[in-house]
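Scrolling down, you'll hit the structures one after another.
Each of the next two complexes has chain A plus one more chain, namely chain B in the first and chain C in the second.
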Partner chain A sequence: MNTTPHHVVDVSHLSKTFGDGKTAFRALNDVSLQIKQGRFVSVVGPSGCGKSTLMQMISGLVPTTQGNIQIDGKTITGPQPEKIGVVFQDALLLPWKTALENIEFPLSLGDTPVAERQERARNMLKLVGLKDVGHRYPHELSGGMRQRVAIARGLVRNPSLLLMDEPFGALDEQTRTRMWGELLRIHEQSGTTILFITHSLVESVFLADEVLVMASNPGRIIERIEVDLPRPRDLKLLGSERLGNLRNHIWDLIAKPDDEIDA
Partner chain B sequence: MSILRKLLITILVLALWEALGAAGILNPMLVGTPSMIARAAMKDGTTFLIASRFTLVEILSAGAIAWTLGISAGVIIGARATSALIISPLLSAMIAVPLVVLYPVIVAWTGIGPTSKIIYGAATGFFPIALTTISGVSAIDRRFVDMARAMGANTAQVIFQVMARLALPAIMSGLRIGSSLLIIAVVQSEMLSATDGLGFWISYHRSLFNVGQVYFGICLVLVLAAGLNGLLNYCERRLRLQTA
Partner chain C sequence: MTHQLSTQKIWLARLWRAGFVLGLALVWETSGRLAWIDPELLPPLSRIFKMLGRLLSDHRFRGDIVITVLECLTAFLIVVPLGLFSGFSLAESPKLYKLFSPVLQLLMTVPKSIFLPVFILLFGIDFSEKVIFAIVLSYFIIVPTGIAAVQSIPSGLVAMARSFGATQSQIYLRIYLPCAMPLILSGVRLGLIFSMHGIIFAEMYASSEGIGRNILNWGESFDMERLFAAVMLVLIVTVLINETLQAIETYARRRTLSGAMH
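So, the complex of A and B:
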């Protein structure tokens, strides 16, 4: 296995089986993927294709059945908070902490001095464009703001990889569109490698440099698509023909295996 | 204005009570009169104040034990689904055991001094506190646990900084129930066998038909209970401000 150092993520022949014997369920079968430093890769697929399992294994929360996950050349056996930042579908901010304290949370678990913690959290708050609301509690923030705080929290330890699991799935369309612009800007400014899991076809194409299309039963990657849209990306691209063609291509891939209406 | 009205109503009730007692409509030997309570306070006030302090120390000691053990046991047991599943029914069954039947045994072990009251009170308060904490902790949104682990929290940090904090509303209601049962237990055990304390003096004067002293003692127990309830309310308000 040759790991070139510029591969931040190197997943090889990853499989996951839940249960055993007759009731065993193959959630993920022989998944391999590499992500170079600074790239934005999205994973898209129907529900139940194992994309969330993939993300849980990369974040170290769920053990692998077979295969190997390396981040920065180091094999993952458990959570790696200094290498991987995670953003979940819901912001999951601690309700008794202010926005700033929530961003500090990952640092407060270690032994980072308080002054440095606050400094770094404030910089992150600025990066996500919320520098004036650091003192507010989660219930005083809008859904989009909460998710931006969650992104800041994911980035505060300056990780090699930011793992995002359908982070905008719970937002309304207008907020989501605005968040796409924000995320592209944050990606550009921070240069962090991002692995973005989504079930939205448009989202997967618009944000990423590369789209991994997954299918279910068993969960596997069926195609890798290089997105050759220019950067920096403008929201106007959303209506472009090139993006539409890519989106339709992915839809054909996903819709092909079983043409069920209830999908 | 509202304080004035409350004061007025209190005076009115007391006057009515006194008048009904004096007129013989209410039997003063059964329900006392305000003047009898006042006379008892003048005569035995010091004894009762010392007794109040004695009882308060017992309640606070028992409370410290029941809160600490109840919350930590509840949080640790509730943190894991399996242990919560196995131990909760056991604790629920033990709540049904009238602990008072064990009181003579506790007295036999530790004597009739304050120790037996503290043990009995702590045991009484422990079960509801532990049980509500278990159910509160096991009911939290588990996604927060995943989040904290992914952020680098170790087991202790996950349990005490995230799970226990999320379960706080449930823990508070457990403390409320547990603490009031605990106050009852302490006073009750003083009535059964003791050397001092409000329960002891209420029971003592009842056997001598000193109705005024009995009611004075009851008033003091109410003051203690109200004071501790106020303390809990204060804690709850402070915490709610932060969790809102």
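So, the complex of A and C:
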């Protein structure tokens, strides 16, 4: 190993162009980011800034046009199920499987023995605070519970990185706030490195150690903000001045005059 | 609570259907007995069923049943996999879809029965002609079902499985198959019904054997009891098959789509 895997994520000079010729669209331009072990980094930006493209490329679902993505010091070329667990905006649970079976799903694709699968899935269920509902089907769970099952599924292979793509975007505000508390607790207990994509300014600040602010046309990172709020974070911080100031700062970066028409 | 309500509704609908059929049977029976309609033209139901019993014990008619069933099964067993596979391929390959979907749509709208004389000229009037006609008739109904089956698969679930390292065959087996199952079963059901439709129609048009041939003969010779008995037989069998397959389909749908796709 030439470089110690000190950075779980090392993205350098990443670009993505869709289409070619006159219809070519530059979705991402020269994006670089590094994430150290155990850190919680959020990416925030307006819709169309390429943050979802960024996440799809890191998850290996979409090929890169230029640049390089390294996870644990190794360049990736496709999905890395052992290294990356993904949580999507919709929970995307298999409706014909129970919560527990859904968490087992990533392991069932490989050759993990059944007993070990169930054991690990049960542990994950406990971690996300749902140990009593493993036998329920997705439609018997609330939206928040479904998303927690999805988080458990993302963590079940013990990945180096948990990639979360607007995971709470479809939840109502109260459920979302509760999920913030849950996610912070899960992050603390599991110690997993998290890359969290969101369009919510408050969310990006409240959860993360570092916020990457993106702008569109072409999609790029315009600022990195170190969040110096103390950990463990209490929900009361949401009303604090420090959080408010950081939020306002990001808003100033994102809200360009030419956006005013949309507002 | 909502589940109870909906099952209650389902039972009410079933009760209403059973009542309707029973009422119709009653009106039929009495109309024949009281000679509202000439019983020679519309014999009472009881006489039709008595005749059906007699027909079923007649070894010649039983031979016709065997032939029709064999023809239906042959057409069904060929056309369902063929149609579904064509549908899947078209839905999976944008190139194929672009190439064939206009042709397919054109052929779908054409009434296939007008080609029956051509089929007879090409293949004669025996077993294979009827089977081929039934296959052609059913094929254009199953293909769109196959396309719809693939299109009903939520792309999110596929992306999810892929991100967790599922191979293409795992995606087909563990995401596609269960997600598409309700519509695959629809295709199977339609395949069976339209195979029967095609076979009996072809038999009635030109054939020396089979249920359809008998129905036509008895109709032409005003043998109303036998005619209705044979029609009743086909009716009962079709309804039973349809209801059974629909029950399986509903079960599959409930399993795959229970709750929202979250």
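Throughout what follows, the second predicted complex is superposed on the first by the 255 of 263 C-alpha atoms of A that agree within 3 Å, B and C clash if a C-alpha of one lies under 4 Å from a C-alpha of the other, contacts with A are read in each partner's own complex, and residues count from 1 in each chain.
Note that in this section a contact is a pair of C-beta atoms (placed from the backbone, for glycine too) under 8 Å apart; a residue touches a chain by one contact, two chains touch by 3 or more.
The structure displayed is predicted, hence computed values, not measured ones.
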Room on chain A for both chain B and chain C (clash or fit): clash
Partner chain(s) touched by A:Leu243 [first = chain B, second = chain C, both, neither]: neither
Partner chain in contact with A:Gly60 - chain B first, chain C second, else both or neither: both
Chain B versus chain C as contact partner of A:Ile225, first or second or both or neither: neither
First, second, both or neither for A:Leu92, with chain B first and chain C second: both
Of chain C and chain B, partner touching more chain A residues: C
Partner chain(s) touched by A:Cys49 [first = chain B, second = chain C, both, neither]: neither
Which of chain B and chain C A:Gly143 touches, first, second, both or neither: second
Those residues of chain A which chain B touches in one complex and chain C touches in the other: 59-61, 79, 81-82, 84, 86, 88, 90, 92, 94-96, 105-106, 109-110, 137, 139, 153, 157
Complex contact set, residues of chain B against chain A: 143-144, 146-154, 157, 161-162, 165, 242-244
Chain A residues touching chain C - in the complex, by the definition given at the top: 59-61, 79-82, 84-86, 88, 90-96, 105-106, 109-110, 137-140, 143, 146, 153, 157, 170
Residue ranges of chain C in contact with chain A within the complex: 154, 156-157, 159-167, 170, 175, 178, 255-262
Parts of chain A lying in touch with chain B, wherever the complex brings them together: 56, 59-61, 79, 81-82, 84, 86, 88, 90, 92, 94-96, 105-106, 109-110, 137, 139, 153, 157
